[in-house]
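Heads up, there are several structures right after this.
Paired with chain B in one complex and with chain C in the other, chain A is shared by the two complexes that follow.
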Partner chain A sequence: MHISEGVLSGPVLAGGAVISAAGLALGLKNIDYDKLPRVALLSAVFFVASLIHLPVGPSSIHLVLNGLVGLILGWAAFPALFVGLVLQAVLFQFGGLTVLGVNTATMALPAVLGYYLFAPFLRGGGKTAPVIAAFAAGFCAILFSAVLTGVSLYLSGEAFLGAAWAIVVANLPGMIIEGVVTAVAVLFLRKVKPELLGMGPYVE
Partner chain B sequence: MSEAASQAQAAPRVKPAPTLDNALAMGPVGRLDPRAKLVVVFAYSLLMALAYSPVMAALGVLLGFGLVAWARLGWKVFISRLVAVNLFTAFLWLFLPWQISLGQSVWGLGLVYNPDGLALALLVTLKANAVFLALLALLGSSPVNDIFHALAHLKVPSKLVTMFLLFYRYLHVMRHEYQRLRQAMQVRGFQPGSNLRTYKTYAQLMGILLVRSLERSERVYQAMLCRGFGGTFWLLDHFSWRRADTGFCLMSGLVLIVLALLQWSGISWN
Partner chain C sequence: MRLTISAVLFALILVLPGAAQAHRISVYAYVEDGQIKGEGYMPGGGKVSNQQVQVLDAGGKVLAEVKTSPEGAFSLPLPQAKPPLTLVLNAGAGHRATFELKAADLGVAAPAPKASPAPAAAEPVAQAVAINQDLAPQIKKAVAQAVAPLRAQLAEMALRSNEVSLRDIIGGLGWIVGLLGLAAYFKARKMAGGAPR
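Up next is the complex of A and B:
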């Protein structure tokens, strides 16, 4: 869901840069130096995840997992996703430098939103609430990212309206798969490493 | 059959993934100071992002091709990335020239040809390629670690740079870990398909990777403490600025000013 360079208008680029700068500042403030390797290594895993292609019918999609990033990292999702996007620009010339702000915001804002909306339900005793919350976090993260991408396109020119809708519709299968993957991953982490979800080691 | 031949037959079916780093360019661009390249490519991206005349965007594409030729990166990389970038622009060509018009009912959807959309698609494609080519020639010609070091020298906050360096260092480790797990799955007969089982398996694979990364990060931090880490990540690479870098910056500055003047001097392009 990255917009490449040269598509968006100046004000949209500036808006994205301001939002991401604020998010990065907040996220970095929340990471103490002793947590820095932790966030860096988790970001590395999420970058590896984005290189994995899952088959969907005749085609395939790659994982984004920004919902899971948000559930685990909260505001630190901003720096975590930002380093990945910078590396993509440097390594594959995907996206670019001036769109970094917009691309970071479209990925990280839904992640942080998911953290506030759904993370509290992950810590409950039962199994149903965490599964539903985790599915919703994965689903909504992709949905909101697609919507934000579409909105930034539309704000750059009304001619982009069709393309904006197409992005949201094309991401529908991705939303469901991300929901399933996030739910299963959260169940796994609850059993194996509850600390990652902000839970004490022995909750259940 | 010779031993080498039988080994070749027994080689794993999984192709080794390409390394996640930039190859050093053959041309003189590879030897330029990464700081100079970063500043120039950022200014160039900004200028191109704000460009609204197709003539200037086309000039940018020509400039970009010149830079790529100067960098001598190799055709394979160039073509594959050019295709990747233009998948997005191709998608825009599909949608931009048409405007959805709502009829009386929902079923009365009609597509109306929109010439402005076509012009926009052309402009956007030129701009996207101009920036892509410059990025490829200037950033794709330096190893990633050099670029992150250059960012530190350009006063990007140290916490962010430390995170970049750790992220990039352990990206390779985690990817290797993933490939090992993936191979183990393949040995056990895992066949990915469009089914719930595949998605669940991958989710658990991600879970294992996350757990291992967390545990590793604790060991990494302890090792850093042992080596006296106190919040400062000391940089060992200090670039030496050469006369060629000054020349490159001056030339690029001149080109950028000319491009900016061409666009904003009030000359009408239509």
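Up next is the complex of A and C:
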């Protein structure tokens, strides 16, 4: 879902940059002293996760974990993902610097959406609701990222609507894997570091 | 403690060869016998099959178009245009790679010796040239054979350059830690300055 340099049209690039700038401003405001280490930690998680490829059928897909980042950080997902994307662009030529705005928006917007939709369920008691919510957060984050990627390509005249949908379908295994990984990570964090999820320590 | 263990496991996964690759396609090409030949690579060593390759001139005009084979290879006649030429591999879904063929890569041949009316003294030279021209196909073949391993090595390197090195990953993580320190420093100063004591 890292769109390469030279694919998107100017207006789409500018639109992505504006959305990302707004998200970054909101996210930075959202970070207080206590939250800072969490932002850096999840930025590192995202940076590394994108480099791990899982073989799926003839091709391979990589983790994004923007769902997990969003669940824990909310709006601060914007700066966290932005830093990871800048480093990936500079060090690995993943995506590129001109596409940074669009790539940040396509990955961070779904993360923030997941925070509002699913994070409240994580703090509740029981085990089923948090697991289902975490799976849904991981799944939907990739789904919406794929949709936004398709839309940016479609608006640039790069892909027809059918091709844009093909991106969503191609990412289906990724959605399921992200859902499972996010659910496992949330279960683990609930046990070991519940305060990361905004829960007081020593729950359960 | 358990977090530390999982962090170590995480790092181990990264070190495993082949576990870490960039999600980035690349394209490599060379010119042989008036043909552009090349391959497109997927992250992890796969080939980019059945995707469009375009040849652009310096002004960005599309000169030729071809699709990669199921094995990821492509070849097309070298278009008559001034170098540098740019190859663009477009694998859809926002994945795109380029490769530049410079004048030297095109092997712009030295102008062929003209068959000028040679003076009698130059007869042996003319003969030598004639013999050389007879030999030319064989020489070409021999050279092609000799550079074949080199070409394979270059293709291998093009493939390798697609991989992410552990050094870069550690470097990136170092940057994140550094940014954290920077942000913490300024936040702490603001807090110290803002709170009247």
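The definition used in the following text is that the second predicted complex is superposed on the first by the 189 of 204 C-alpha atoms of A that agree within 3 Å, B and C clash if a C-alpha of one lies under 4 Å from a C-alpha of the other, contacts with A are read in each partner's own complex, and residues count from 1 in each chain.
Simple rule for what comes next: a residue touches a chain if its C-beta (ideal position, glycine included) is under 8 Å from a C-beta of that chain, and two chains touch if they have at least 3 such contacts.
Just so it is clear, the model here is predicted, and its values are computed rather than measured.
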| item | value |
| --- | --- |
| Three-chain arrangement built on chain A, chain B and chain C clash or fit | clash |
| Contacts of A:Gly157 with chain B and chain C, given as first, second, both or neither | first |
| First, second, both or neither for A:Ser50, with chain B first and chain C second | second |
| First (chain B), second (chain C), both or neither touched by A:Lys193 | both |
| Contacts of A:Val181 with chain B and chain C, given as first, second, both or neither | first |
| Touched chain A residues, chain B compared with chain C | B |
| Offending stretch of chain C which, after superposing on A, collides with chain B (from 114-122, 132-140 or 168-176) | 168-176 |
| Shared chain A surface residues [contacts with chain B and with chain C] | 2-8, 31, 33, 36-37, 39-40, 43-44, 47-48, 51-52, 55, 83-84, 87, 91-94, 159, 163, 166, 188, 192-193 |
| Of all residues in chain B, those that touch chain A in their complex | 20-22, 41-42, 45-46, 48-51, 57, 81, 84-85, 88-89, 91-92, 94-96, 98-100, 114, 116-117, 120, 124-132, 135-136, 139-140, 144, 147, 157, 159-160, 162-164, 166-168, 170-171, 173-175, 178, 192-194, 196, 198-200, 202-204, 206-211, 213-214, 216-218, 220-221, 224, 229, 231 |
| Residues of chain A touching chain C in the complex | 1-8, 31-33, 36-37, 39-40, 43-44, 47-48, 50-53, 55, 58-60, 62, 83-84, 87-88, 91-94, 149, 152-153, 158-159, 163, 166-167, 170, 188, 192-193 |
| Sites on chain C touched by chain A in the complex | 2-3, 6, 10, 13-14, 19-24, 42-44, 46, 92-98, 164, 168-169, 171-173, 175-177, 179-180, 183-184, 187-188, 191 |
| Chain A residues touching chain B - in the complex, by the definition given at the top | 2-8, 10, 13, 24, 28, 31, 33-34, 36-45, 47-49, 51-52, 54-57, 63, 65, 68, 72, 79, 82-84, 86-87, 89-94, 96-99, 157, 159-163, 166, 177, 180-185, 188-189, 192-193, 195-196 |
